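Note that chain A is present in both complexes that follow, paired respectively with chain B and with chain C.
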Partner chain A sequence: MSTKPKIGFYWCASCGGCEESVVDLAEDVLMVVGAVDIVFWPCAMDFKKADVEAMPDKSIVATLLNGAIRSSEQEEMAHLLRRKSQVLIAYGSCAHTGGVPGLANQFTREQIMKYVYEDAPTMVNDKKTRPQTHFKEDGRETELPQLRNVVRALDQVVDVDYYIPGCPPTPKLLKDAVLALLSGKLPPKGSVLAPNIAVCQQCKRNDSKPQDISLTEFKRPHQIIADPEKCLLAQGLPCLGPATRGGCDAVCIQGNMPCTGCFGPVDNVHDHGAKILSYLASTAAGKEQKDITKTLAGIPDPVGTFYRYGLAKCVLRGKVS
Partner chain B sequence: METKSNNWEPRIVAFFCNWCTYTAADLAGVSRMKYAPNIRVIRLMCSGRLDPQYVMMAFAKGADGVLIGGCHPGDCHYVEGNYKTLRRVTLLERMLHDLGLEKERFRLEWISASEGDKVKKVVNEMVEQVRALGPLDMPGRFADWDKEMEELEAHVNHSQKEIPAHVH
Partner chain C sequence: MNEPTKTQPRIGVYICHCGTNIAGVVDCKAVAETAAQYPNVVVSRDYKYMCSDPGQALIQQDIKEHKLDRIVVSSCSPLLHEHTFRGACEKGGLNPYCFQMVNIREHDSWVHEKGAAATDKAKDLTRAAVSRVAHHKPLETKTTPIHPDVMIVGGGIAGIQAALTLANAGQHVYLVEREPTIGGYMAKFDKTFPTLDCAACILTPKMSAVGAHPNITLWTYSEVAKVDGFVGNYKVVVKRKPRYIIEDLCVGCNECVTACVFKEGKFEDEFNMGLSKRKPVYMPFPQATPPIVLIDPETCINVKTGKCKKTCVEACGDRQAIDFTQKAEMKEVQVGTIILATGFQPFDAKRIPQYGYGIYPNVYTSLEIERLVNASGPTEGHVVLRDGKTKPKSVGIVHCVGSRDNKTHRWCSRVCCMYSMKLAHLIKHHTDAEVFNFYIDIRAPGKGYEEFYEKLQEEGVHFIRGRVAEVTDWQMSKEEEGKLVIRVEDTLAGFVRRIPVDMVVLAVGLEPHADSQDVRRQFNISCSTEGWFLERHPKLAPVNTFTDGIFIAGACQGPKDIPDTVAQAGAAAAEALSLIKAGSIELEPNTAFVVAEECSGCKTCIPMCPYTAISRDDVKKVAVINEALCKGCGTCVAACPSGAIKQNLFDDDEITSEIEAILAK
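And then the complex of A and B:
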């Protein structure tokens, strides 16, 4: 039997981009595959839940779990993998901060079920049938997972050792994390495995960022052809770089698109969205309420803009209903 | 959300700036004005120091309302601080509304150092409005949401106990 460290990957409520990011390691994936034994990776290899259940506790050196926790099935797998792993890593925005699926926390479970199974324009369901968690027919019984009340980040369900941020994480972060795991040189538990600096600090346009930004209008990316050299905020685009963790080498801004905040907050920030709001709102020009209101109307959806990847980890966790 | 006990009283966290509103609250005190005892005042050097996180955290930790008091526009001890407050509060107000909080739970007032009576009026008014809304009780809501998780964890741990450690 192989003595190489055992690694697992798992996928919960996510889009598949995190799995893709493993493949994005390109030739480095060979280094990773050569150095470890992948014992669980349902997306790419044929393993079953029973295989994991049969493993002794803590026998997996590290599990990288991506995706938010939305259903009872995902929650069960999170508990199981936590039990079997020495180190559990929340991989990608969804596991780290709830991600885009976390935006569902603006609606109750009933609102979501009603829309999907009754009101959606493409739905024909006269009997208003809804999926049931238990179903019995001809003596056979089936079970379906239950949709939970809210979307949760991984650490709202089980104890998490490390976080790798990003939507998806960059190959460099994954490679660095694997090397740190293999060498045993891991930072203190609870660390985010990315530098504790803002995106602006890694942004090549930082020198063009004015000391004071005063905007009379916020623009959306499709409304202007942005100057590729100049700070996007100074051009009126709501870039979340000043309040978002770096480590991504500001790749979106290199592509002339503003930061949307996928790396989450830096250490010691409790609420990423509130911190972005604080920064962006203060750039609005004017001293009169009507001028300020008019400028800030350029951010039509503050929840969706500031918590695009982190509503589950907002201190209010979603919409109060 | 239902009232957990009949003794519920609104809890309002108030962030007052040192130079105007806090001094006004002081004046209300030494003038022996009586107003509702439901506010917990936190003194900031300037209302512009108010990080929107403080407001969110106050609600998340159980406040039923948040009141912010600063100097009148043009009167800020630090010249521009209260304009920053106004900008942040304008957007925060909208965001909190989108997050389902009633607008009466969050209020900004400009109260100068001589307006002790305004402190009394604003606090009394807000306490009554929040009382009419009832408790926000975010910690209670979080606990309710998370009840669904207890059973499953117990189930996983129970089913796993049957696996002997010497397998493999």
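And then the complex of A and C:
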């Protein structure tokens, strides 16, 4: 049996981009595969839940779990992997802060079910059939996972040791994390494995940002052709770089797109969206209602803008009823 | 009681009865007993008056005896006694900021009825403070010097009095007045109640003293455009509107006025309440200070079109005091303190149409009558109707127009009873007319005021008690023909009367300036709901505001007569002087600071700071806060997108622990 450290990957409520980001390591993936023994990776390799259950507790050195926790199945897997792993890492925005799936917390479970199975324009469901957790057909009984009331980040379900932020995390962060794991030089438990300083610090356009922006309107990326040298916020795009943890080398901004906040907040900020709101409001010039209204019109989806990745971790949590 | 381990804070909690102020509603003993169970609380007591010497001694003694390192006092508003208790902590050997005050009087006993709920609220508030104070850190106070110069805004009698008091004490004063002359409303009056001394005789010497005083920089026809800074160190920008006259060169000879292409006055004379006409170039009144003319850009042909013979320039001759190219000028000055003496505006009588102002020509406002009875007024003191010649044989004075009225203003304007009686006396004296006063109550509480009221009754002035219903020209009998009829319920006689008169005088009340909200924002002070500037304490700090170094005097704080205004102006000057003489003031240590290694250099905070305390270190590419300039407003703390700015006494830990504890049951 291999003596290499055992590593697991798992995928909960997410888009799959995090899985691809592992492959994004390019030739470094060979270094990783060579250095570790991957014992669980349903996306790429054929392992079953029973294989994991059969492992002794804490036998996996580290599991990188991506995706938020929306269903009973994901919750069960999170608990199982927690039990089997020495180190559990929340990998990517969804596991870290709830991610895009967390935006579902704007609605109750019933609202979501009703829309998806009754009201959606593409839905034809005269009998208003809803998925059941248990049903029988041809004498066989099937069990489906249950949708939980809210979407949760991984640490709202189980104890998490580290976080690798990003939607998806950059290959550099993953590589650094794996190297740290292999060398045993890990920071204090609970750390986010990215610098505790906002994106602006790494952004090449920082010097082009005027001291006083005083925006009178916000624009959306498709509405302007942004100057590739100038600070995007100064051009009216609600770039969240100032309010978002860096470590990404400001890649989106290098691509002339504003930061949308996928790395989540820095350590001192408890509620990412509230902080973004507070900071964007600070840069807006309007003092009178009509000017404020005009400025706000540039942000047609405030929750989706401020809490794109962090609604699950919002102090307000989600809609209760 | 809990015996905390060594590393945990040792908290003392004190619940004040404030006599029966708190104890009459809140069960203080129960609050103290419950507080004893809160985490880290070592001592918990209730006491009759915590602010008294024995109360403070209790804290000091407990600090020593029980090795307390945190103190919570639940009593009145921190505005009143935070300083007291911080002092007690300091005397007990504790850093004064290891203290938290809870307001269970204004926030609890004074606003709730006696019962378990009020006691529960006191417990909740105290629990929150106990939870918060555990996170308090020892802090140091800093001092800031007070710039010795003073700015006074408003050149009515309040501003004049304050300016002279300060200037005579040797301070340099900038007196800013919106109108072309100082003097305010008092300059329009003929006589003052109740002594009937001539307003001009007592005011104009003060006005010229201001104009001539070496310590006073007088800027009339000017407005404050911007205020920055804080106590001791205000930076004020004043906009000097162009009067098209070079002030230093004009000698006030009025030759330009005589020479103006308009042979006669054609435009409404503001000083005479529109009862006379003036030219585009004019001096508001002969004793105007500064005694120089101005050109009204709205009516001067040359300013408007550039096509005028400019006979005025010709008349001015070698003095060359007229300058049509003049532009508004911005003056920036540094002052340590500011006194606001911006006064009031008279109630607009047209808002009560049933009294007929603007409908019937012979309905006047009291200020118009002030000009009519004035020897230097438009009629040289002759009280005549709008036709300019007829002496009224009967005059009705309607009190409380725009005062004590739910439809307009609920407050008593305090001066109308007295000035109405003064005008009644003067009208009677000038015309020998029958004068009727229609009043709700006569309010004559000042020195010599009641005696004046008696004197008027002896003079044969009529007093009819009742709020006037309407003034109408609808005549019902022969004796009402050609007259205005005042309909009123005489509440003493018990029936409705119709009194025909030739002239009606509406005793309009005082209201805050239409732009008082803008002024208040500019100077960062508060207003009462009515719009009057709010004093720090109605009894004990009547000229202070909640903003250090900004004082208020006169009617901008609320309606008042000349004696009260002058007294308040003196008080405001004294308050400013006391700061100046102290030389410096202790600052709250609740300043903000940047944690440099967490600052991304995004610059969001820099334009936020109202005190321009934040700059950017261009080498390290991080923000830096000048703690001497920081006033602890917290704006940058909220704005900092990465939480890299923290504020003393308002740490996230302190705030969240407080919120969590108050929500925990």
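The rule we apply is simple: the second predicted complex is superposed on the first by the 314 of 321 C-alpha atoms of A that agree within 3 Å, B and C clash if a C-alpha of one lies under 4 Å from a C-alpha of the other, contacts with A are read in each partner's own complex, and residues count from 1 in each chain.
Here is the rule we go by: a contact is a pair of C-beta atoms (placed from the backbone, for glycine too) under 8 Å apart; a residue touches a chain by one contact, two chains touch by 3 or more.
The model shown is predicted, which means the values in this text are computed figures rather than measured ones.
Colleague: Taking chain A as the common reference for superposition, should the pair chain B and chain C be classed as clashing or as fitting?
Modeller: In the arrangement built by aligning on chain A, the partners chain C and chain B clash.
Colleague: Please work out whether A:Gly241 is in contact with chain B alone, chain C alone, both, or neither, and reply first, second, both or neither.
Modeller: second
Colleague: In the overlaid three-chain picture, which partner chain does A:Val157 touch, first (chain B) or second (chain C), both, or neither?
Modeller: The first partner, chain B, only.
Colleague: Let me test your reading of the model: by the given contact rule, A:Ser191 touches which partner, first (chain B), second (chain C), both or neither?
Modeller: Touch status of A:Ser191: no partner.
Colleague: Is A:Cys314 contacted by the first partner chain B, the second partner chain C, both or neither?
Modeller: In the superposition, A:Cys314 touches chain B alone.
Colleague: Regarding the shared-chain residue A:Thr293, is it in contact with chain B (first), chain C (second), both, or neither?
Modeller: In the superposition, A:Thr293 contacts chain B only.
Colleague: Where does A:Ser214 make contact in the superposed view: on chain B (first), on chain C (second), on both, or on neither?
Modeller: The answer is second: A:Ser214 touches chain C but not chain B.
Colleague: In the superposed arrangement, does A:Asn206 touch chain B (first), chain C (second), both or neither?
Modeller: second
Colleague: For A:His270, using the defined touch cut-off, is the partner it touches chain B, chain C, both, or neither? Pick first, second, both or neither.
Modeller: both
Colleague: Which chain, chain B or chain C, ends up touching more residues of chain A in the combined arrangement?
Modeller: The partner with more contacted residues on chain A is B.
Colleague: Pick out the stretch of chain B that clashes with chain C after the overlay, from 4-12, 112-120, 130-138 or 148-156.
Modeller: Of the candidate stretches of chain B, chain C runs into 112-120.
Colleague: What is the shared patch of chain A, the residues that chain B and chain C both contact?
Modeller: 269-270, 275, 278, 282
Colleague: Which residues of chain A touch chain C in their complex?
Modeller: 196-201, 206, 209-214, 240-244, 246, 265-270, 275-276, 278-279, 282-283
Colleague: With touch defined as at the start, can you tell me which chain B residues reach chain A in the complex?
Modeller: 51-53, 55-57, 59-60, 73, 83-84, 86-88, 90-92, 94-95, 98-101, 136, 138, 141-142, 145, 148-149, 152-153, 155-157, 159-160, 163, 165-168
Colleague: If we count contacts the way the header does, which residues on chain A are in touch with chain B in the complex?
Modeller: By the definition above, chain A touches chain B via 1, 53-57, 59, 72, 75-76, 79-80, 83, 106, 148-150, 157, 269-271, 273-275, 277-278, 280-282, 284, 287, 289, 292-293, 296, 299, 301-303, 306, 314-321.
Colleague: For chain C, which residues are in contact with chain A within the complex?
Modeller: Checking each residue of chain C against chain A gives 595, 597-604, 606-608, 616, 621, 635, 638-644, 652, 656.
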